[in-house]
Amino acid sequence: MTCPEYAIVAEGLTRTYGPFIPGSAGKVAVDGISFKVRKGEIYGILGPNGAGKTTTIKMLSTMLTPTSGLAEVLGMDVRDGKNIRALRKRINVVSGGERGLYYRLSGRQNLEFFADLYGIPKKDQKALIESLLSLVELIEAADIKVENYSRGMKQRIHIARSLINSPEILFLDEPTIGLDPEISRGIRSLIKKLSDGGTTVILTTHYMFEAEELCDNMVILSRGRIVGKGTVDDIKSSISRVSSLKIITEEDPSDVTASLCRENLDAVTSRLLNERYLTKITLNNADRAFTAIEDLFRPYAISSVGVEEPTLEDAYLTLVNEGL
Amino acid sequence: MFAYADSLQVIAASAKNSFINRFTSMHPALWLIQLLITSFFAMYFFVILSEYIGNPEITVAFVVIGNAVQSVAATTLYSVAEIPGVEKHTGTLGAIIQSPSSLFSVFLGMSAFGILTGIVAMLMSLCYAAFVFGVSFASCNFVSVGVILVLTCLSLTGFGMIIGSVGIRLRTAAIMANVFAYIGLLISGVNFPVSYLPGWVQTISHCMPLTYAVEAMRGAVAGAGLISILGPLSAMVLLGTAFIILAWVSFRYFEKASRRNGNTDSF
Amino acid sequence: MNPRAVTASFKQQAIQFMADPQWIIPSIVSPFLFTMVMLYIHQDVTGPVVLQAVLGGGVLGMWANTIFASSFTISYDRMNGTFESMLLSPTKIFDILIGRSIWNAFIGLVNALLVFAIAEMIFRTGVSLANPIGFFFILALTLMSLASFGMLISTAFVFSRMGRFFSSVAEYPIYVISGALVPISALPVGLQHISYLLAPSWGVDAMRYAAFEGYGSMMGTSLLTDIIMMVMLSIAVLIIAYFIMNKAERAILSAGSATRY
């Protein structure tokens, strides 16, 4: 079962919370999910709030025992208590938010403390911490107490802390939540840099552009189940290739629009400010060739034609809603 | 005892963390003032109480020495026991569990501040005993006093850690610590002889290291050497060791339980 | 005063209080233990002795509750991040604190009764009060004087975030000078003067008048003097608290220190 090619292999991974009587049915947070993460890739876990993203990360990062199913991380079974210490030395986690730091310690003191908890030899610590501080651009603020940090600085020191053991797998739970665009971009480029350096990154996010920009592969969770899986393109094309056609005409094409609607196509015409008419037609698959539709509008003096492919967000929303 | 070669590094780092953390939230001078005031008034309160009641069996020296030892219970026990709960509150417990070091080592190290507080509180209290309340230390055996001081702190640290480990799971650890710290006033012979208590309470008294510490300290101040207080001293060593082992087991248990329940960050 | 804000904060404090059992220590456990310690030192446990110890323990519990609850109330809001929202609301912080202090005083009464009930269960001495109605009237007044004292403490913590330091430092000194377990007359003269400045000290003396048959005041005053002193000192404390609060609200806005703790 051990595949050196994969950093993570999850099969039928399930987690149930409470109630307090074992064996009785509780809330199923993660319901039999299976996926594989290749070494060195950035793998996205997407889904609405409460879909089971954090629970999945907790299970994979040894913080929560799965109720059933299998999870191998770096070739080790996370359910086996004997593997936990060894595994913890090789992975790390960043949870979004402002908690989880010693506010009354400086950024550097926070890092020093965790360096010791990860058993980093004293002689290596100074250089390591210096390089991490420079990586997250906190050299100047290193000796200021964390309570005086901005939210972005706190998040960057979180990330520096998580890199203290040069983890082979880094779990990032919504790393850019609530941060300004510039800092978010900085964090995204840092994630790419880590991935280029061979670190496997597991990323949860609510920002589709972030997932699109970063993730090699991803799963979309809804109510604890996988509703979409694959590359960004796989996921986009999995929603039956819904596209929309936009045609702008000089004259009112309402007759054609009405006849299209009778054919059960989703078509709407609206009048634009510049005295032209915009018609939007949603097409499933190749319901009808674009050119054939275009021909219908020709008599109304077409000034432009455009096709809109679905975005990841469209696909995400469709999949998640289907999953409900 | 320690399963990991790096435990000493972890303990030292955690001790350092506890000092920086506490001394940046409270200036060391303020911390000393707090200890000076609380150790004096805690002692003074019981002195005037017993003087007012006027039980001939209970002398000022009896109450003063009892409360000097009790000051360790009031400080060390509480500050050691509250640590896991505080870590949970700041949200750092998760990051600590996530690391490969054992919770026991981390929290043992973090107890350093509480241990220091206990030592300082007891030394201050003994000074008050000598210079304010006129207890004679002329025949005092200072070696015995030193040994008692160390053993008291260690056994109460172990006890505090057991209570503290519950704080990984429950919010009530700090309350339990406080209850135990106060109960010491009643059942450990701090303010009146243990023999005044009902038989079944006395049995509990003899499971508390504080009872032996108080007894040994009264002996040491009167001049008893290590040999003559060997009884209470060995009881303290025994109880202290048992507590530390139990604390280790308890941390292991709650560490595992937190994986089963995933409740490291609710508080 | 804004009655609606007072009621709302009374209710909020009540819910908060029930959800966090931390209060059991200063309010119930420690006064109960002090009562027991006193009785054990006494050995000769008769009705009046029990009454004195229980009365003392109960008052200590009321005091402890006032100090702990009042010094934590604002610190807790700072920690929760709700202090800023409180400042932002059109309600005066003073009104919010009135509601909370009344709740704290009310709980003080519950503490006193609990200590009384537990001790009575253990010693079964059939304690009786000389003048029960008068006693409860004075008890209520004493609670109000504690509430006003609590207001003073709370307002101080609008300025400062050292609630914990204060409550731990103040605990035993207050036990000593409150005159609850040990009468004020048994204290050194210097401390007696401080006791006279605290409204609840007069309340304790007044309660003893109502509790014991033929009580000779430990403060050397008549029952009426005790009551007048208590009421006047309470009003004075409230006025001081009000002025401190107005200053504090302005100070905190100019310092921008509401979110730190």
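Here the chain labels run A, B and C in written order, and each chain numbers its own residues starting at 1.
The working rule: a contact is a pair of C-beta atoms (placed from the backbone, for glycine too) under 8 Å apart; a residue touches a chain by one contact, two chains touch by 3 or more.
Note that the structure is a prediction, hence the values are computed from the model and not measured.
**Student:** Return the chains shared as contacts by subunit A and subunit B, ordered by label.
**Tutor:** Per touch definition, common to subunit A and subunit B: zero chains.
**Student:** By Cα centroids, which chain is closest to the centre of the whole protein?
**Tutor:** If one averages C-alpha positions chain by chain, the most central is B.
**Student:** Cα centroid separation between subunit A and subunit B, in whole Å?
**Tutor:** Centre separation, subunit A to subunit B: 48 Å.
**Student:** Taking the mean of the CA coordinates per chain, how far is subunit A from subunit C in Å?
**Tutor:** Centres of subunit A and subunit C (C-alpha means) sit 54 Å apart.
**Student:** Rounded to a whole Å, what is the gap between the Cα centroids of subunit B and subunit C?
**Tutor:** Using C-alpha averages as centres, the distance is 29 Å.
**Student:** Okay, in this complex, where on subunit B does subunit C touch?
**Tutor:** Residues 26, 30, 33-34, 37-38, 41-42, 44-46, 48-53, 55, 58, 171-172, 174-175, 178-179, 182-183, 185-186, 191-192, 196-197 of subunit B touch subunit C in their complex.
**Student:** Using the touch rule from the top, collect the residues of subunit C that touch subunit B in their complex.
**Tutor:** Touch list, subunit C to subunit B: 20-22, 24-25, 29-30, 33-34, 36-38, 40-43, 165, 168-169, 171-173, 175-176, 181-183, 186-187.
**Student:** In the complex of these two chains, what residues of subunit A are touching subunit B?
**Tutor:** Listed in rising order, the residues of subunit A that touch subunit B are 17, 55, 58, 61-65, 81, 85-86, 88-89, 92-93, 95, 97, 99-105, 109, 112-119, 122, 145, 161.
**Student:** Note which residues of subunit B are touching subunit A in the complex, please.
**Tutor:** Touch residues, subunit B against subunit A: 4-6, 9-10, 12-14, 16-17, 20-21, 24-25, 90-92, 94-101, 106, 256, 258-260, 262, 264-265.
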